[in-house]
Amino acid sequence: MSLALDLFSLVAIGAGAFFFFAGTVGLLRFPDSLTRLHALTKADNLGLGLIVLGLLPRAGSLLDALRLIAIWVLVQLSGAATAQLIGRALSPRRAAE
Amino acid sequence: MNDALLVAAGFILLTVGAGLVRVLRGPGDFDRMMAVQLLGAGGVASLLLIASATTVAGVEDVALGLALLAAFASIAFVNSAEADGAEPLEGEDG
Amino acid sequence: MSILQVLDLGLAILVLAIAGWTIAARELFASVVGYVAYGLLLSIVWIRLHAPDVALTEAAIGSGVTGVLLVTTGARLRGAGGVETAAPPRLSQRLMAGALAVLVAAALAAVVLLLPEPAPTLAPEAREGLAATGLGNPVTAVLIAYRSFDTMLEKVVLVLAVVGVWSLAPDRCWAGAPAPLGRARPEGALLFLDQALVPLGILVGVHLFWVGADEPGGAFQAGAILAAMWMIVMISRLTEPPRVGARWLRLALIAGPAVFLATGLAGGGMAGGFFAYPAGFAKPIILFIEAFLVLSIAVTLPMLVAGPPRRSPQS
Amino acid sequence: MSASTLAGLVGAALVGLGLYGFIVSPQPLRKILAFNLIGNGAFLVFGIVARKGAAAGFPFDPVPQAMVITGIVVAFAASALAAALILRLQEETGNVLLDSDAPAKPPGDEAGAS
């Protein structure tokens, strides 16, 4: 049982790390700001989400698990709102160019 | 298992750290901010991984605080970057 | 070399690289963005030093609020037409500054490498004090009990800083409100954050205050989080910085040090020593003091960022 | 090399970097930033003193850690005061550069303004 859980953790954390990698590559290689924003939002949503998912079986108590989920929700909220703000600020500039 | 967690933490730190090249290169202020946002998410992720592997007590709360403050800094940056040049902050002359 | 050592080395290189960038960057904004990233990495270093309390304070005040202070001030300077270009110093000056910097860094590095083993420590004394307070977090116990006088004076320093900032106001604006932190138009996404993130953040702040007795957290960290939440609401223009003449504001600013000092004096009368807490009641008294400290910090930090009053009290 | 020694060396290097920036940068806000780098470096050196002082069942000496926490808050208060002074300086003189080579601007009529 614990082996299966460990395996689950490893797969989820590995997948999360991959999304961070992909997001960074996108941030560095994509040609303009809006596409970079696209890459960034995928990375912090899914990357952190999968890492949290992978760490959940290792949480000591229910409170710890809830705290992990709360961390993810916080990053989600701020990420979504900031991406919206950045996107809004970028689009008129791009149209003007 | 712990080693695997540390490897993952190091890998994530390294990648988002490489993303900081965007802070150097820009070109715009928003590109710089995006790199910091990615670092915020990646930093929280690797903090959680390191905490889980090295058993320092109470690190979840630190991650909670980091997540909130990364959001706060991003909002303040968007706010100041937008105010850049085009429109001075209101009420400057009292 | 173990994985952990490789990780530490990578972290150290990243921290130094981004710190170098904040010094080398041409623009202020780029430099401050780098500084906030650096602060995030630095708090991971603090975790590696087994100092979660410091990590949280560093992330909150050292990088978060300081970064916001710098970008806000930068935007205000630009808004007022501040000139920010200057010829870089001459090569000879830079070389001399560099030599001095290398010398100081090398001396410090030598100190670090030559630290005595085992290092002198006050941990046993702190452990003794901890048992008397009933707290579980030694850092909180040191701050509020073992070295309480230092902490109380440090709160007074914060009040003095606010007084210093306010006294830079033009005469006609005295007792008025500082300039707004945000732009004129509130944005939908910011209002969403006010409704979703800020209540959660306040909850986290209260949580950090409450667990601070036994786990990492405490008055400084909780106050800084609450301050950040208030500043988010001010940036979205749902509320404005208050008039500095407002009575509630002044009471909130001094509540922390005042309650701290009053409790310390009461200890002189009732527990037989200045800043002594009566046995058995130490923990509730400490939490009582801390609650007021949280309030004062949560009010002080935004007022320091908002700056001196810029509007006449009538407007 | 242990994690704490490495962190202490990083602290020493940060003090050096900050000192260089503090001297060289002509923009006062950048000087505040460099001042904060110096502070962070000093705190880190303190942090390894705390870590090496592990005793009595604690993984660290809580006294230096508590002092670092108060230090971070005081450094912020000093930065805020400096930022307010810079804004005021700009209002009075229209210039915020602290360049020793530049000719000093003659003071205007601000003698009694503040």
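Letters A, B, C and D name the chains as they come in the text, with residue numbers starting at 1 for each one.
The definition used in the following text is that contacts are C-beta pairs under 8 Å (C-beta built on N, C-alpha and C of every residue); 3 or more make two chains touch, one makes a residue touch a chain.
Quick caveat, the model's predicted, so the values are computed rather than measured.
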| item | value |
| --- | --- |
| Per Cα centroids, the chain farthest from chain A | D |
| By count of C-beta pairs in contact, the leading pair of chains | C-D |
| Chain A and chain C: spacing of chain centres that average the CA atoms, whole Å | 28 |
| Distance from chain C to chain B - Cα centre to Cα centre, in angstrom | 18 |
| For chain B paired with chain D, centre-to-centre distance based on mean C-alpha positions, whole Å | 22 |
| Centre distance in Å when chain A and chain B are each reduced to the mean of their C-alpha atoms | 12 |
| Sequence positions of chain D contacting 2 or more other chains | none |
| For chain C, residues that touch 2 or more chains besides their own | 4, 48, 50, 74, 76, 80, 170, 190, 193, 197, 201, 204 |
| Residue numbers of chain B (touch at least two other chains) | 33, 35, 40, 61, 64, 68, 70-71, 75, 81-82 |
| Listing of all chain pairs that touch each other, if any do | A-B, A-C, B-C, C-D |
| In the complex, chain B residues that touch chain C | 3, 6-7, 9-10, 13-14, 17, 20, 23-24, 26, 29, 32-33, 35-36, 39-40, 43, 46-47, 50-51, 54, 56-59, 61-62, 64-66, 68-73, 75-77, 79-85, 87-94 |
| Touching residues (chain side chain C, partner chain B) in the complex | 3-4, 6-7, 10-11, 14, 17-18, 21, 29-30, 33-34, 36-37, 40-41, 43-44, 47-48, 50, 52, 55-56, 59-60, 63-64, 67-68, 71-72, 74-76, 78-80, 170, 172-173, 176, 179-184, 190, 193, 197, 201, 204, 207-208, 211, 215-217, 221, 225, 228-229, 231-232, 235, 310-312, 315 |
| Complex interface listing, chain C residues touching chain D | 4-5, 8-9, 12, 15-16, 19-20, 22-23, 28, 31-32, 35, 42, 45-46, 48-51, 53-54, 57-58, 61-62, 65-66, 69-70, 73-74, 76-77, 80-84, 86-89, 93-94, 97-98, 100-102, 104-106, 108-109, 111-113, 115, 117-127, 138-139, 141-143, 146-147, 150-151, 154, 157-158, 160-161, 164-165, 168, 170-171, 220, 297, 301, 304-305, 307-308 |
| Of all residues in chain B, those that touch chain A in their complex | 1, 4-5, 8, 11-12, 15-16, 18-19, 21-22, 28, 30-31, 33-35, 37-38, 40-42, 44-45, 48-49, 52, 60-61, 63-64, 67-68, 70-71, 74-75, 78, 81-82 |
| Chain C contact footprint on chain D (complex, rising order) | 1, 3-21, 23-27, 29-30, 32-34, 36-37, 40-41, 43-45, 47-63, 65-70, 72-81, 83-88, 90-91, 94-97, 99, 101-102, 113-114 |
